[in-house]
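Look at the two complexes coming up: subunit A is in both, with subunit B in one and subunit C in the other.
Let's turn to the complex of A and B:
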């Protein structure tokens, strides 16, 4: 019984969005006038631009988040305990703080020289980076906790320099965690609205923000079609990254 | 090349994992560090390898102080407790790791890897990943990887601990053979198993609670243990309280002819296989008998010493007394020695 309730709650929105995306009007209980024109709208002009913006933001922000998160996790292995606790808290702040607040903070911080990023795409990328880095740091740090220091020790005893130990032992062994951190942050970034809506310039409107704006203007059907596009692209991205991870684990 | 540890002390936060260890291992010599779990054996090894920094003391290799030298510059071969084969590298690449780190020419790397894999009998597994190997096979690869860089010193941390009994016996054979392949290498062999120490080591260093208790050539340590702890840890000796008066040693009031008295608070040490059941010995009661294949282990209590358990190993085949029966226990004087009671 609970399973049915849960299924309805979880699946209903998807079904409704899917149905709305392909209907010309929805006046009664069921949608009518099936059409693909909304989908065509969603894949043209401004809306298509939104898709590429979202992809670029997610990949760039996700990539940076993975780099910074991994770096921080590796550094915290050797840092002193109080420093580690401090950075731990710092990195987890974006999870606790509402994303709108993060957006507002960035807007205030980067709106005047010398850090004038407001109005550029970089403020969006940074917002995503700040929000995702907590997850990548957490994922990689947890994996690092599980790996034995013995591997790095043995590599060093075999004459490997610290850089060689990092690139040929530590990072390859962390690859599954790094890939899953990447797919997590890309997925989250594709759907991020809260902070983005505070900081985005007109030239850099992500897909979820477009959906929000369209809905706001009453163009619910196009918004639904665009949501469908967002969903499809995110699923494809995550599945692709997961494949990479699968291969990493197999090796 | 010799390894010298001088007053080496290691702390982890407040815990002292190694306290003032003095130890010298000569080129071509095998020294076993033997001790119960947590006695500081691995810590001693890690200090020599450079994985932990001693809070006091010096470590010298071939006379050169390496205390502040990072592990990568020490040139020591290390096999750690769980082997730590790099899971993302094939067997051949694991063995080649140290050679590539030293930027040896490709042809030499290939040749040396083949040679090492051949030495440990793993040539046919060169293309496998570590997780496709059994425990014993991983062990061989770990040894090949450590020896590939021709280290003058090889450290082995309880290499057989993770293997089952049968494989352990086989690998012990292999290690003895391997020892002859590298006659000049100084080997430190950590183990908690006295049989491994006796089979492989020239000298045995017995450790307990972060300290070195005794160190001596294996045969001497076994024949005449200098302390009660070593006597029981190495070979599971029986330790009996004695009364000493005027050159006479007595156990539970019975004089033992032929055992020379010694100054101080001593215990009588005798190995389980040296005790015999016969006539004219100490009266005792048989409490339990355990058949172990080639021998049986009897547990007895001497009359008058109800709290002391005496173990006796008798060869299988002979008649055994009933459990609960009265027996007579003979302690041949040549097998008896007195050891300082100290702390057990």
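Let's turn to the complex of A and C:
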């Protein structure tokens, strides 16, 4: 009974998408006409371009989100209590608001002076940055609460400058949290669709938006193949980032 | 006098350092103010460009009212489903020894960061006209139930994760004693496990309620005619019909709905708010 519920609920979707990616048609209970042509379609032309767009957006947006999330978490450690509460609420706002609304806001705000970003790739990167920074801030702030301030205090009392304490004590201690924040934001960014579909220009179409365009046109098998590519690339990125964390712990 | 002078000197210097330290928070605050608060404020002002006329027109339309009701219906139903399925799965993983339990909880963790539209996409093969269950489930894909089932599939791990953590903290002895005194599995679950994990259930359930209220990917991909939710309506009005003021009105309603729920949850859960992230 447990196995059935688990299989139907959790695993079936991925098995089905994976199977569809390799089949020519699906008219009965099982897929038929095994083929790799969908996968080839998914890795050529426009679809390949979306993959590189998604990778660039996820890496750039993720990097910026990690930098600002970590910065906000570190700075709010020493700031006054009301200010910390304010920052906390501000950085949770993008989680509470639907991504479509975040996208609409960016569209309205940056289609007019002083900043005209509508139609450029930067509006997509900003959307991803805004959505991911909430998660990186949360992850790093939670880790900061668990770390012992004594190390940093001792380093400071021994005469280390604040910059040196930050660079040689605080950041190395937070490295596992920063790495997991990075892999979380890259994974979420690769699959982001709500805000992206509101703001993307034709020249900067991410992978999930391409998958939607394909399903909308009825090319569900190519869409499945492309989703499989999306999954594979995300897993590779997350595993690579996780390796970084593993080595950090060993040291 | 000397002491007073000393105090007078010490206090401002501390304050000076505090405010200097607080200055470091300024750039991250300004960033979010420019990229989140400013756009949302513009959305609110844009919704009033036609005065109250746009509001009256949008809020009065049956399209909006149906979407609002649909959104809440789908969200509440999915959350209840997630809670039932999530509790069942978490209890089995935690208390019934079977090989691969750790792998399963690893899969649960991984699912949290996957895109929701994958589930919706797989449904077109599972329940579509030419799919696995196509002949049995004819027309299922175009009903709101398809969206509910997809959301239960996707959001159950969000309920399971806090539950797994809470269940791991229940001492096994407590369960063994209850069982040895003749309590059946259901009785042990309802009398001992559920009261223990209630905070985790509340945290997971409320997070799911918020996320399903805001869910867009699944509804977009399933694209059923009768299943228009508020986020979907924002997209249709804004991008397909280029009706920015109309889209902004719906966005403001959605923001109020989500933020109110989020604020209520955070204050109700208090110290547990980390779980909401």
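The rule is short, and it goes like this: the second predicted complex is superposed on the first by the 249 of 251 C-alpha atoms of A that agree within 3 Å, B and C clash if a C-alpha of one lies under 4 Å from a C-alpha of the other, contacts with A are read in each partner's own complex, and residues count from 1 in each chain.
One rule holds in what follows: a contact is a pair of C-beta atoms (placed from the backbone, for glycine too) under 8 Å apart; a residue touches a chain by one contact, two chains touch by 3 or more.
The structure displayed is predicted, hence computed values, not measured ones.
With both complexes brought onto subunit A, simultaneous placement of subunit B and subunit C is permitted, the two fitting side by side without a clash. Legend: residue contacts after superposition of the two complexes on their common chain; A:213 is shown touching neither subunit B nor subunit C. Taking the C-alpha centre of subunit A as the vertex, the lines to the centres of subunit B and subunit C open to an angle of 80 degrees, rounded to the nearest 10. Contacts of A:158 after superposition on the shared chain: subunit B is touched, whereas subunit C is not. Within the superposed three-chain model, A:166 lies out of touch with both subunit B and subunit C [touch as defined at top]. In the superposition on chain A, A:244 makes contact with neither subunit B nor subunit C. Of the two partner chains placed by the overlay, only subunit B lies in contact with A:150; subunit C stays clear of it.
When the two complexes are overlaid on their common chain A, residue A:48 makes contact with neither subunit B nor subunit C.
Looking at the shared chain after the overlay, A:59 reaches neither subunit B nor subunit C. Ranked by how many residues of subunit A each touches, subunit B and subunit C are led by C. Legend: residue contacts after superposition of the two complexes on their common chain; A:175 is shown touching subunit B, with no touch to subunit C. The superposed arrangement places subunit B and subunit C with a least CA-CA distance of 5 Å. No residue of subunit A lies in contact with both subunit B in one complex and subunit C in the other.
Those residues of subunit C that touch subunit A in the complex are listed here as 18, 21-22, 24-25, 27-29, 31-33, 35-40, 42-43, 46, 85, 88-89, 92, 96, 98, 104, 107-108, 111, 113-119, 121-126, 128, 130-132, 152-153, 156-157, 210, 213-214, 216-217, 220-221, 223, 230-231, 234-235, 238-239, 244, 247-248, 251, 254-255, 258-259, 261-262, 274, 276-277.
Considering their complex, residues 46, 49-51, 70-78, 80-82, 84, 86-88, 97-98, 101-102, 129, 145-146, 149 of subunit B touch subunit A. Residues 148-151, 153-161, 164, 168-169, 172-173, 175, 251 of subunit A are the ones that touch subunit B when the two sit in their complex.
Across the interface of their complex, subunit C is touched by residues 2, 5-6, 9-14, 16-17, 19-20, 25-27, 29-31, 68, 71-72, 74-76, 78-80, 83, 86-87, 90-102, 104-110, 126, 129-130, 133-135, 138-139, 142, 184, 187-188, 190-194, 197-198, 208, 211-212, 215-216, 220, 223-224, 227, 230-231, 234, 238 of subunit A.
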